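Shared between the two complexes below is chain A, which pairs with chain B and chain C, respectively.
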Partner chain A sequence: MTPEGPQEHKILFTGTMGAGKTTAIAAVSGIKMVKTEAANTDRGAFNKATTTVGFDYGEVGLAGGHVLRLYGTPGQERFSFLWKIVARGAIGVIILVDNSRPDPVADLGLYLDNFKKFAEIGGVVIAVGRTESHPKPSIEDYYQFLAGRDLMLPVFAVDVRKSENVLMVLDVLFNMLEISDAESA
Partner chain B sequence: MRELYISHLGLPAADVKRLKAVMVAIVSGNDLQARWCMGDAATADLVLVSPDGELVRQFVADPARGPNQVIAALVGESDSVSFESEKIAWPIRLGGLLELLQRVELRIRKVGTGSTPEIPPAPADNKLVQLAKLLRDEDCGDNLAWRVSGLSDRPVYVAPHQQTFICEDSLLSLLQFDPHAAIELVPITDAQFRAQGQRKPIRMLQWLIGLRSGRVGLLPWIKADSTFRLRQFPEFPLLHHTSEHRRIAAALSRPRSGIRAIVAASERNSSAVIAFVNAASLCGYLKITDAGAAVAAKTPSAGPRRALFQVFRRALGIASNDA
Partner chain C sequence: MNYKNSTQLRQEHGSMLSEELERLTAENEGILAAQVCTSDGFEVAATRRNAESHRRLAAMVSSMQALGAALVEETELGSYRNLIIEATEGKCIMMAIAGTRGDLLLTVVANSQLMFGVFLVLCRNTCQAISARLSQLDA
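What follows is the complex of A and B.
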């Protein structure tokens, strides 16, 4: 941070509709979240009444008036043009995967393609939800998929309703970025 | 900036509260070369202890304690200390503690520039090591389970071939287990095992036993100069862990040649790294090869955003050594 004035830092939560982006941000945000939800017209993809069509926003106040901004991307692929816009200037990305979907590993592939730049520097952590009710694919399957792409990124089975899980994921992201920074310094 | 850990043992709650308050004041200043965090007594670089008490005497006398760990007794005017240690005057004051931290930093720097300390292999006849071997061994018989006595108040039942175990006591009590104490391993039948209670994933036990075995050294089948890399990250939501473990895991997302390279990359002390490597190895999270391409060990250089990440952690309430 520089002495010029308060700075903003950004972390992105992305993933398919219903993966828990809104819940994850709410679990750690220091303010009441700003949501841009609308009636879900794609109940075939995920059966919930509303879904995020713009982006979710939460923030954490830092010392000196600085702010850590937490953005959740809209889940539906038709809004993918927004993903890269929201990602500009982000420090890192949390990809939330819903293990109850038909092909969650392919879902992960889609998001890795879209956030490749972050994945290559270790700036991505993958959080897989609903593993208790849907244990397959296993966490090992995700690691195999990543190895096929020559990537070693953290993958955790999490419950994003638990703030300690979300904080753990964020701390692992910070550590990955610190290690990456130190080795390229 | 290197990270060092301070911990305490046997101190009254009021002194612990005061220690934490004084540490907050100290770390917000610029008088130290390292970043100091509160840590676990087993692996901390400096442990403040009460001048008496059986627990403290056992801890100080424990041969498995890290050779570079500094013990400092908190002493009042009339206190005498029956073991060799640094001393800090009671009540803890900013000046006294700062001076002590600076002395520890100096000592650690001297050790760091001297001859490289050996990474101790754990003795193969140690019971904890034998238990670790049992937990690692998936070929110990299709119908064999074991009753393990001595780890906690009630026996622990282990079925490696089923990848499960049964423990009615708190798992955290296993972290207090004396790594030199006697453990009894008795084979039981699968039916006896099934009768015992609720089964848990064996990784939870492997992880704790691995961490604890770090107190006696590197597990005998692991070579300190191997190349290490995570096969997968430890299942942190399932496992008792601290921020130290998250840090070492991140360092091991890339291949590292030898324990010392992990110490350098993670900037954590060798005791913590050995404990992590033992635990991750037992759980199957770690790929260990004799040779191979690895990121060379180098003097850690703080990246430009390190201070920023610390600010994030503080704001989010991510403690420096949480569980």
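What follows is the complex of A and C.
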């Protein structure tokens, strides 16, 4: 990251349908969000009225005039063509995992596969939601899964409705990327 | 039209939609393919049975339609109607079908020989025909 002058950084929120990507961006965005939602006809996958089919967009202003541009992807795999497009120019990815789903660890694997280049440079933070109602798998289970893939990425239990939780995850990602930059310099 | 998933929509309206799409393509040589999908990206009816291609197309149409509608809102241009893509070898129109609250989308692909104005009218007519038949069925 260039230290001179205000910078803009693009960060992606991804994860399964209903994991809370739109909610997370709404919790911290300092501008009116851009939302691209459609009526959800697949209530079997997740029972909610609407779903993101394009992308969500919000911004977080930082000290020094820096801006984080936050993009939320659609969750369903049929939109994976868009994941690649939205990921262009991003510096890091936050993967939201819904612990109430049947196999959240496998869900994580799908997104790690699709955002592999970010995971390999340490540009991914994993945020696990709904852990209070669904404590299993545990955070330790996720670390074991990552270790099996030779990945060292941070995993947090979060409530994306709380802005402080989302800001904490963003802060961790940003610091990881700065460390990564410093190490490669 | 009340909330229905793509399977229900296919069961209830699939044959009618296929009929309208087949009519559109059969009567106009320049039209290469046509599809109706839900606004969240599920195919309901299509000409040319390439299922995988239509599944991908439905997801893309869903995204583009939503982005188009977001742009219309951002630029205060009123209500979203359709999205048009022109390429060297042809063109594509994506239209929201009236009376479905934007829940059903018509996509039509044509070659470059078909005049643009004719293409637009054909697509609008098909949208209106589908809309009219849906309202009859739901009445």
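Brief remarks on what is shown
The working rule: the second predicted complex is superposed on the first by the 170 of 185 C-alpha atoms of A that agree within 3 Å, B and C clash if a C-alpha of one lies under 4 Å from a C-alpha of the other, contacts with A are read in each partner's own complex, and residues count from 1 in each chain.
What we mean here is this: a residue touches a chain if its C-beta (ideal position, glycine included) is under 8 Å from a C-beta of that chain, and two chains touch if they have at least 3 such contacts.
Fair warning: this is a prediction, and the values are worked out from it, not measured in the lab.
In the model built by aligning both structures on chain A, chain B fits alongside chain C without clashing.
The vertex angle at chain A, taken between the C-alpha centres of chain B and chain C once both structures are aligned on chain A, is 170 degrees to the nearest 10.
By the touch criterion stated above, A:Pro74 is placed in contact with chain C alone, chain B being left untouched. In the superposition on chain A, A:Leu82 makes contact with chain C only, while chain B stays out of contact range.
Put simply, more of the residues of chain A are touched by B, taking chain B and chain C as the two choices.
Least inter-chain distance for chain B and chain C in the combined superposition, rounded to the nearest angstrom, is 24, based on C-alpha atoms.
Across the two superposed structures, the residue set of chain A contacted by chain B and also by chain C is empty. On the chain B side of its complex with chain A, the touching residues are 229-233, 235-238, 243, 246-247, 249-251, 253-254, 265-266, 295, 300-309, 311-318. Touching chain A in their complex are the following residues of chain C: 3-6, 9, 38-42, 55-56, 58-60, 62-67, 69-70, 74, 101-103.
Chain A meets chain B in the complex at residues 1, 9, 28, 30, 60-63, 66, 68, 91, 122, 139-140, 143, 152-159, 165, 167-168, 170-172, 174-185. Of all residues in chain A, only 34-44, 51, 53-55, 74, 76, 78-79, 81-82 touch chain C in the complex they form.
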